[in-house]
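In this document, chain identifiers A, B, C and D correspond to the written order of the chains, with residue numbering beginning at 1 in each.
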């Protein structure tokens, strides 16, 4: 019913990601849209506030490339591998410049998105008791329950990104988006945002989506642009499409440790490439072949025809 | 891994529904488990507090049969048809006895279940401003946001049923439960409850569930009993299995209007029957044939095999 | 009235449906219940508002009903729709978040400022008539950006004093209303079997905007529980077009369940 | 130490895994991260706790990994599992609701009362080492009914004073702890490369419970930043059984990614 929202990654980022924006590229291990992060680097956005539960390698790349002035997060590491050295340099030595941080726990970040998505002024959470986290983050506050004065509870404020970017297995030109596998907090982050870009492995006919409406995670009414970009999550993964490239995550430790190595990597893999299609080609068929999973189909359910 | 929780409806209700309990049989139009309500009537439970967003015909039957002393709800009608006269008689004329009521809006009820499921002391909601509802329900209170003193927000208390009963298309013997179609607030009501009975159209092998883990709405870890009871929702419906019996909903207006008609209906369709299997037989093949939908399959997705 | 209806060539419900649907021109996301509003919205999609997105209150988006839905949760709304969502997400992420541009409400009683009663006739503790209650009406009135009311009017429904205020409308004090900070602004229009009403920008008072063909101001006065405010340039409601009537009678409600 | 390990016939990690897994006997629902805890839980399922239900922190239930998961969100955890849930539901409906019986935590620093630091070494504003931060650790410490800590010990990790308290443990005042009203009670055990520790019922202080074979109390003292409390009936940790070692080496971690 609504006109097509289909765009190229370049146009979607150019139109919807602005200097100074608060940007959330969410995805918990799964469906992390590296291609969007690379395009933001390529278009040299500046002064962004980057929000993510787990900044991961993608934000280490973006912050290493100088797109951000602030980071909002809950776990800052390279899962099971090591550190995010570009981010650490900015926090530990203000090298090359300081990075402002605003820190929560995982559940605190999730609740911030839920509050943002629900237009609530705060969200209550049973965490932070006797922790030093609220001491270094004045946005974490307390309330007393009107039902039981003995219960003091912490609250976190809503997080409403200017732009949320999520990746999905498939979407329609109207932005009706279906995902499976780990869902993280993408739905909440998308609803909380002013603008939403959905990147997908496959643009599908709406008939595909209409066959299984319960599979739809983000309805098109909240989506501004739809980008079809296969393999956009590498080295993260897309359930059923390609595996996580753990080798790359391991290599990142050495790359991010040395500014010049990081600079070299950015030149070779981001600035030096026209877009993600070239990146996919450069990664090479051998790697894609090794990352391809076998088949494991869901089976069908019957919604019934009620005419 | 855990042992089977499979039980007959009679045993599940006998073991898990107790006099004086707060009982939630949820389902928004869809998946309303009438068979469980009938078994509770048949076992002559008393002094129950019944909670449901929309009491619907099922609670009119249960309250008409005298199982309840209190009703917690948000919309008290026979959708698009008429009234719930057994309930109205108790509220309007205390006939045959008074019925205590505790009244919210739809969203207020949903938030109460979410608070109960999340172990929160309250849940904030942007509703009730300048409405008389809080004047007649002292459990609806206000809080001031610690982030913006101008924002006063209403809060509702958690609702933690002693027992929640939900119906689903399919479940495993361990209680891993999959549903599709309208989901209402069953997940929240189940997690909020102390005990949970899952009634399903089909008991399936866990391999069926494991093929599509994102379809699982209620994991077995919170389920106490699983009852396989086909057609348990009539005259409500189960998406893909049978249609709503609107003719019955229309007939209910006349039945519930007259106490003796209601008594007669209960004798014939509840007390007079051994269980839901006899009910299904009594409804008759012609009706089931008329209520059977055509096929509309979901299509499959690929989760991928990662070995 | 039957005669009038025969003379006019359309029923009271048909002109209520047509008049309401025209008010949906340019709206984007509409919160739909069952019955008249369902037909109103589907008519608007086929006439003045082709890109109107319908969100059914049971949690269905992009429904393609293969038959006229008989309940708010009819399975025909689900099969072939683009999305189904939980009630929590529907109310929190859509309605409370301000994504709903327009919704429909009705009630047993409405006052001159558009406040609605769907709870009780008589006292709350021992009501003469126990009505359904709020359902989603209270949060819809507060969070939907526009609220359109469709209801037949009579002395007993258009009352000077509500027995219970279920859903807030205008307060009568525009300064207060502006300071509320809700997405909702009180009802924006009321369509009855006699005419259409708007709400005065200044006072927030219901104002008779158009009379349906064949209806007199006296009839309106007889069926309004207060001295009704009447627009200086009171107009006549354009009757349903032949196209609108065809769509209602042949496509949207062939059995005349709601439109008759 | 390599010699010792060769002499003993198992690695430090292997005895840490074995000792931890035995503590899962009789537990019902376990919150699992990746790395050592993942191997510990899977070993327990195959030995002392066959009905243990594993909940992976990325939101997966009843996982049947076809390979050793390499990340907390490895796709092999999803395919063939019984349920996948959103992060909100995982933390709200499971952890915060008290459904998690036991969870694992570690850290860069732990004090004698089991408080943990995973945030910074040095000052928060200009840290010497910026660590990952809480992740879910803070709410796990507060809401999981039991918390087991697995970490190697040394003067720099077993410290008298944390640089930052990320996750609360025991306060040192049992009356205060009882009055907290959390599901969490502070860590219940700590398993290190030198021995196993419990927490004193009365004082909530970490107490050396068993020494691993070949480890001396002096070694423990050298690697503890305070004068350690030692159980009157200090015992020796039973070494990994041949069956436990076989499961670890052949089934759970054939490449020795974590156990080596």
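Annotations for the structure displayed:
Everything below uses one rule, namely that contacts are C-beta pairs under 8 Å (C-beta built on N, C-alpha and C of every residue); 3 or more make two chains touch, one makes a residue touch a chain.
As the structure is a prediction and not an experimental result, all values here were calculated from the model.
Common partners of chain B and chain C, by the touch rule above, are A. Counting C-beta pairs in contact, the pair that comes out ahead of the other among B-D and A-D is A-D. In this assembly, the chain whose C-alpha centre lies farthest from chain C is D. Chain B and chain D have Cα centroids separated by 41 Å.
Work out the mean CA point of chain C and of chain D, and you get 59 Å between them. Chain A and chain B, compared by their mean Cα positions, are separated by 37 Å. Chain geometry summary: the mean Cα position of chain A and that of chain D are 29 Å apart. Multi-chain contact residues of chain B, defined as those touching 2 or more other chains: 114, 119-120, 126, 151, 180-181, 183, 187, 211, 214, 239, 243, 293, 296, 303-307. Multi-chain contact residues of chain D (touching two or more other chains) are listed as 60, 74-75, 78-80, 84-85, 92, 96. Here the chains touching each other pair up as A-B, A-C, A-D, B-C, B-D. Contacts from chain C toward chain A in the complex involve residues 29, 45, 50-53, 55, 60-62, 64, 66-67, 74-76, 78-85, 89, 92-93, 96-99. Only residues 28-30, 53-54, 73-77, 79-80, 87-88, 91-92, 103-107, 110-111, 114, 125-133, 136, 150-151, 180-185, 187-188, 237, 239, 243-244, 246, 249, 293, 296 of chain B touch chain C when the two sit together in their complex.
Of all the residues in chain B, the ones that touch chain A in their complex are 119-124, 126, 141-143, 145-148, 151, 153, 155, 157, 169, 178, 180-181, 183, 208, 211-212, 214-215, 239-241, 243, 293-307. Residues of chain A touching chain C in their complex: 1-3, 114, 117-120, 172, 174, 176, 187, 191, 206, 209-211, 213-214, 216, 219-222, 303-307. On chain D, the positions that touch chain A within their shared complex are 34-35, 58-60, 70-75, 78-80, 84-88, 91-92, 95-96, 119, 124, 126-139, 142-143, 164-168, 171, 180-182.
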